[in-house]
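Worksheet for the structure shown next.
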Amino acid sequence: MGKSKPRNRHKHYNVPVPGTSPGLYEIDDNALKPKITLHTYNERTYKKEELSNINNIDQLVKNKDFNYWFDIKGLADPNIFETLFNKFDISRLVLEDITNSYQRPKLDEYDNDKYLFAVSRHLYLGDDDVLCNDQISFILSERTLITFQETYADCFEPVRKRLEIGKGNIRIGGSSYLMYAIMDVIVDNYFTLLNFWGEELDAIEDRLYDHPDRRIMFDTQAIKRSLITIRKVAWPERDKLNDIIRTDSALISDLTKTYMKDAYDHCIQIIDFIESLKEIASANIDMNLSITSNRMNEIMKVLTIISSIFIPLTFIAGIYGMNFSREDPITGKILPHNMPELYSPHGYLWTWVVMGVIALAQIIYFWRKGWFK
Amino acid sequence: MGKSKPRNRHKHYNVPVPGTSPGLYEIDDNALKPKITLHTYNERTYKKEELSNINNIDQLVKNKDFNYWFDIKGLADPNIFETLFNKFDISRLVLEDITNSYQRPKLDEYDNDKYLFAVSRHLYLGDDDVLCNDQISFILSERTLITFQETYADCFEPVRKRLEIGKGNIRIGGSSYLMYAIMDVIVDNYFTLLNFWGEELDAIEDRLYDHPDRRIMFDTQAIKRSLITIRKVAWPERDKLNDIIRTDSALISDLTKTYMKDAYDHCIQIIDFIESLKEIASANIDMNLSITSNRMNEIMKVLTIISSIFIPLTFIAGIYGMNFSREDPITGKILPHNMPELYSPHGYLWTWVVMGVIALAQIIYFWRKGWFK
Amino acid sequence: MGKSKPRNRHKHYNVPVPGTSPGLYEIDDNALKPKITLHTYNERTYKKEELSNINNIDQLVKNKDFNYWFDIKGLADPNIFETLFNKFDISRLVLEDITNSYQRPKLDEYDNDKYLFAVSRHLYLGDDDVLCNDQISFILSERTLITFQETYADCFEPVRKRLEIGKGNIRIGGSSYLMYAIMDVIVDNYFTLLNFWGEELDAIEDRLYDHPDRRIMFDTQAIKRSLITIRKVAWPERDKLNDIIRTDSALISDLTKTYMKDAYDHCIQIIDFIESLKEIASANIDMNLSITSNRMNEIMKVLTIISSIFIPLTFIAGIYGMNFSREDPITGKILPHNMPELYSPHGYLWTWVVMGVIALAQIIYFWRKGWFK
Amino acid sequence: MGKSKPRNRHKHYNVPVPGTSPGLYEIDDNALKPKITLHTYNERTYKKEELSNINNIDQLVKNKDFNYWFDIKGLADPNIFETLFNKFDISRLVLEDITNSYQRPKLDEYDNDKYLFAVSRHLYLGDDDVLCNDQISFILSERTLITFQETYADCFEPVRKRLEIGKGNIRIGGSSYLMYAIMDVIVDNYFTLLNFWGEELDAIEDRLYDHPDRRIMFDTQAIKRSLITIRKVAWPERDKLNDIIRTDSALISDLTKTYMKDAYDHCIQIIDFIESLKEIASANIDMNLSITSNRMNEIMKVLTIISSIFIPLTFIAGIYGMNFSREDPITGKILPHNMPELYSPHGYLWTWVVMGVIALAQIIYFWRKGWFK
Amino acid sequence: MGKSKPRNRHKHYNVPVPGTSPGLYEIDDNALKPKITLHTYNERTYKKEELSNINNIDQLVKNKDFNYWFDIKGLADPNIFETLFNKFDISRLVLEDITNSYQRPKLDEYDNDKYLFAVSRHLYLGDDDVLCNDQISFILSERTLITFQETYADCFEPVRKRLEIGKGNIRIGGSSYLMYAIMDVIVDNYFTLLNFWGEELDAIEDRLYDHPDRRIMFDTQAIKRSLITIRKVAWPERDKLNDIIRTDSALISDLTKTYMKDAYDHCIQIIDFIESLKEIASANIDMNLSITSNRMNEIMKVLTIISSIFIPLTFIAGIYGMNFSREDPITGKILPHNMPELYSPHGYLWTWVVMGVIALAQIIYFWRKGWFK
């Protein structure tokens, strides 16, 4: 926090180009070269290999005793998509959804039950605490899961480790359970983000109390924007998880559905959490406004007290600084009504007394008004 | 931005005249002369011709091997409507809806399944970035699509090009797919608008940070108004698309429905997007208020510091500018209590010392309060 | 706008008296003497006659070849209600609803299908742009429509004219179509009102920009209040129209239902419109607040610049207006440390130089802070 | 209004004690001694008698030709509840609900159809315009209605009178109709309250316009709090009435249900009314804020105009009050550069001219800025 | 209240660690050593014993004439969970939910109807009025209830006492009734909290009226945060209670369901209550803002009145303090236009008169503006 420019100005304007032909996916110019990892596993064994392409996918997945996870990062290779298109008879609309990274989280079911398509969004803080918002696409078919990631940034490591170790249901649950495990880790990452912002909001509240400044407003609004972004993701994520729980597709096992309920519960908690944080952010903004007003009051009080006390006194001093003449300079006649006070033996002292009384009266008045508190 | 008058004051008060007879459509005096283009196409061939009228429509569409798209811009010719009325037995309410351009997006189905009527709204920035809001009406019957546009402003060009080239499903999908393609391009145009406003809001946030001024408020409100307008369109658009997806009408093919789901997804994203932008706009307004308050604080601090330091000093100077006399002018008697300080050898220096101490005390006080930060 | 008191202070507190016996209608003391017009019409003929009472209603409506419209303004005659009670067996609750003019728009169906009872509310601007809110009640039975209006203010004129001319469906559609035509004209009148307020809000925004004053707040709030009133009417109106569309009653023809859908669409647009205007009104209020703050900033800047520049200068002038004596008046000894500047040959000039430097420094400081913009 | 402390600080924290055993009703220590009135009536006759207890309730209600209304105010006598428990086999939970006066309006149906239990809340302004919120409980069984009121405050008088007079359906409709009549009078009383607050809000708006002061805020908030309270009652009241309309219980006659719809309509209007008043209250608060800001602007304008004009003039006067000497007091040499203006023949006049020009320039400047409006 | 730091900064960021394997519960390092109490009871007898473990649970619960309540505080012993896992075949997801204390209130039903799992949240004020938010988990099987508490803080005491005394249904109702009794006491505790905050909000409103200060904002926001927390608990609690009422599980008796409706009603009241308090808190914040503005107005009025009156007077005094010379010091010529007023016999008196008139005019002006009120 405390940089000179508002942060979290992440690009949220990743939108389709009007008039492009749907289903004709295009590889983005900035797409990264794919890194493909194939995890082959069953209850007892586990193997990991790096692939350079998936052209021979039929060979790769032919052994029906294993489950397969194609873990693909980077989308620059059109061959991958053509291969999938041929192998799984995947709709071109799906391929377009994978390559155009502006999809909301969703589950698409297809009649033939050959595969399911799902989208999650991976949110994380990149360099300079910029909120990054990557798309993760899933193609789930029998015994095979394919995941696509836009960038090399990655939150799958814990899942890979669990897969390697084989603890829990991860190797037993089939491909749909693996998909659950990945979706769960993505959703749980949202908690980490919210936690981070929650603590920042608390820190801002402390700064508000200690030494409010104008950056507080910008920092709070930046967090609010991030919360808006995450909420835009969390709501459809919730719907997607609910769709998975309620689907009739044979590709999702009952075990997976039971666990998906858990992820669904987390997602609801995330939405609750977001709303709470938004309310806290709004409260901070309200408080900032109130504190600014209070400080203005304090400043004005100082000005008013000093001015109100000294301006009348200065006036009195001004009076006795006037040069009304005691004597007509031409005739030399005494003008006894012109400022006789100046010639009274204790005029000066009395002036001080009068000034003191005026000042004291004002001080008492302000004191009573509670302005010195 | 930065013009002298609020912009985006588009006419959104396009409303029916109370008491007019429904179903008796009236051609608006400002209606434009129609430009009619007939696109005749099937999987293999494509022909485009300009028509001056559609009186012989039966002739034009008689070949059952082709699909027809009557692309009509400008609504000034009542003959068109009478012809349609006779040919398709179209309800006069529909004709009224086409000519009166204040309809929300909607789908009207009719019992006989001879035709469907739909309305989309084309939003775009016209001259001076004024938001224009044109009505586009669709009459879809078997193998024939008729589109009506109020003005010559046009967003159909990409569709026409795709139709000419014949890439993708555009020539295969039938008339309902063509209608989808047009609706999709209209909806995707909303993204372009939102993108534009999103960037303007970001620019406003930067201006807020760098040199806030009162135009920020007007510019933000202008964008907010545009967002209100687009939201008024996007909600019923979503309902319309949903109606199309769920209709039983044989005029909408299953392929079209699959693709309409895509447009529907986009429409939901648009609504999300609008809400986010509205929140960002509100945040900008809040920040503007806060910044204005902060600047006031700064201004007041300068005033208070200068006034508080110099007013008391001026008072002291005023004191020793008084003319209390050391000597009774008549008796010549010395009045020793009148301002003896003036005659002390170092009175002047001591005055400076006292003034310096007072000023320093105040500076320290203000420093401690953090007013110099 | 611009009157000295808030307008639109219409009486919206027209409420039932607790504890009165339901079904015992009471004629309000301010009720107007009824003016009764009977319109007798069928497809070919049309006759209009003024009646002084409807006691012989059975005679009046006996010819089954005609439709009848009793168009009653003013509710002061209990005979009318007794006659209706006897003729149509109308529930006393209905009679109470007609005479007590605080009903929301609604449709009441009765088991026997002899008649339907409906309420609309006619909103219009009366003298001094006060929003008037009259109740219009409908009793629809076979071939007969009876309408009741509280006041002589009237929006039925276009319908009467269409009835007389016989253009469109108005004479063909039966009594339910006539009821539709009247309800439609009432609803369309809401557009006129909203249009009026929309333009006033635009005018207020212009005033905001040009010369904001405190009346803006009152005028905006007055419009907001009117919007609240119209929204209170539009929501149940929508429900009523929906009820009419969905009713099973044989009294409502299918043709009427088709047209009612049109009125229903208008009603939805009205609700949209109200929400938009409310948001614009709120935006105006926000802007007013912001502009007030900005003007305060400007005022304070002027004060601060003038004060900050001249107060220190005045202090310096005050210093050299002090009368520290160069000479001990008694001993005549020179006091060289008392204000030697006064006796320097160029003391006065140097004073001006110092003052000029101070003023310049401050001007540069304020310039840099952007206070002169 | 205008008292020194916020009003309407009614106790809304009437809550259950955690951990008490449900169904074990406890008589509150502050409960009032019961006053029991038995109304015995049928279509033709009516009798009213005061009872000291209801121990012999079986005797009292044995004649099947009559309906009975036990009208009980004050809940201090546990015998009443034991008697009811024995006679009607009433659930102890119901007895607890009657004695613990924090229930929301509700309808409780029991399987055996022997009785229904309902709760209404009677809102009224007590001493000092404090909003009182009493519970009224109903036990409805065949031919018998028992009502319980916490306090002697009463809104049943109109019903009792109608019962005595026998006008309308009150004696014909059975016990459920009597219950309706009472509930209706309770709901209609809410209108009276809202009317009262509506007028107070109007009065506050007038005060805002004429002479805003800080009490406006407190008064408005007090009304808002009352509105919150009444809304907390009106929503469940609406649900209760709806439950009564839809119940299958034979204890509620069809006639009663028809009339309940009327009360239900009133309740919806009340909720509408509350929302409108809340919006008006919020508008008043907004306006207050705006007016306060405007007044600040006015105050600051006066200060700025006076200060800006006179501070520079005083500075000039200060200049020519300096004592730079024309003569070196020691050498007697003339110092011609020290304030030669003082010795110019028209120096004084020119000073006035310069001052006048400065003042005029500022007045013109402020005039142009519109500060004198 | 009134401490130097915002309170209620309770940890609400108790969230899952992304990527942990679900169903593999982990004992938190800070988990407390379990204290296990077994309550064995039926209608006639009651026995309480402390256990050190539940390894022999089959022995403990074998007598089918009794109900059993395992009342477990502290979760540090994994043996407990393993025992339960073996005995009841409890899902590992449940065990995980018990040990990870971030669950929302919920009811989990399992197919086999062997047990139900439920979560409640115990909210209470701990040291320094910090809001604590503990999880309480329930496993309900036939004749046996097991409750788990994170900490030793406890609200079950009233239930234990009722169980010991045996008053009411507590021993008759079976294990599900006991679960109800505990849930009810938890929910009723929310009332106590809300009551506490309600009174604090009232106290804050009084402080607002008497001597507003900046801590009011922090205190109000702290309460608002607590309300947000409790609302996050109350909404799912309501859903949970509703699920219990509607479940088909044989483990929940009809008697329990009847009573659960009562708890459900309380929960709805709590949600109402929270909303009311939130509105009151917001009102306090609005009022604070308004009061701050009003005080600023007052301060500015004092400053403006004093400055406006005395600055012009000081200017006049300054004028006559100028030293324009009556005599050319060199030629000795009289300069009659230089300040002749100084030599008028009543110049001084007239000066006072003019000053008095100016001051009086301003006082009248300010009086009329109502600035002295």
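As written, the chains take the letters A, B, C, D and E, and residue 1 is the first residue of each chain.
As a working rule, a contact is a pair of C-beta atoms (placed from the backbone, for glycine too) under 8 Å apart; a residue touches a chain by one contact, two chains touch by 3 or more.
Note that the coordinates shown come from a computational prediction; the quantities given were computed from them, not determined experimentally.
**Student:** According to the touch definition, list the chains common to the neighbour sets of chain B and chain C.
**Tutor:** none
**Student:** Where the CA atoms of chain C average out and where those of chain E average out, how many Å apart are those spots?
**Tutor:** Computed from C-alpha means, the inter-chain centre distance equals 40 Å.
**Student:** Cα centroid separation between chain A and chain E, in whole Å?
**Tutor:** 25
**Student:** If you look at chain E, which of its residues touch at least two other chains?
**Tutor:** Within chain E, the residues that touch at least two other chains are 289, 293, 296, 300, 303, 307, 311, 314, 318, 321-323, 339.
**Student:** Looking at which chains touch which, would you call it a line, ring, star, complete or other?
**Tutor:** ring
**Student:** Along chain B, where are the residues that touch chain A in the complex?
**Tutor:** Residue positions touching the partner: 155, 157-159, 162, 167-170, 184-185, 188-189, 191-192, 194-195, 198-199, 202, 205-206, 209, 258-259, 262, 265-266, 268-269, 272-273, 276, 279-280, 283, 286-287, 289-291, 293-294, 296-297, 300-301, 303-304, 307-308, 311-312, 314-315, 318-319, 321-325, 328-330, 335, 337-339, 369-371, 373.
**Student:** Going by the contact rule at the top, pick out the chain A residues touching chain B in the complex.
**Tutor:** 5-6, 9, 12-13, 15-24, 91, 93, 102-104, 106, 211, 213-214, 217-218, 221, 224-225, 228-229, 232, 285, 288-289, 292-293, 295-296, 298-300, 302-303, 306-307, 310-311, 313-314, 317-318, 320-323, 326-327, 334, 339, 341-349, 351
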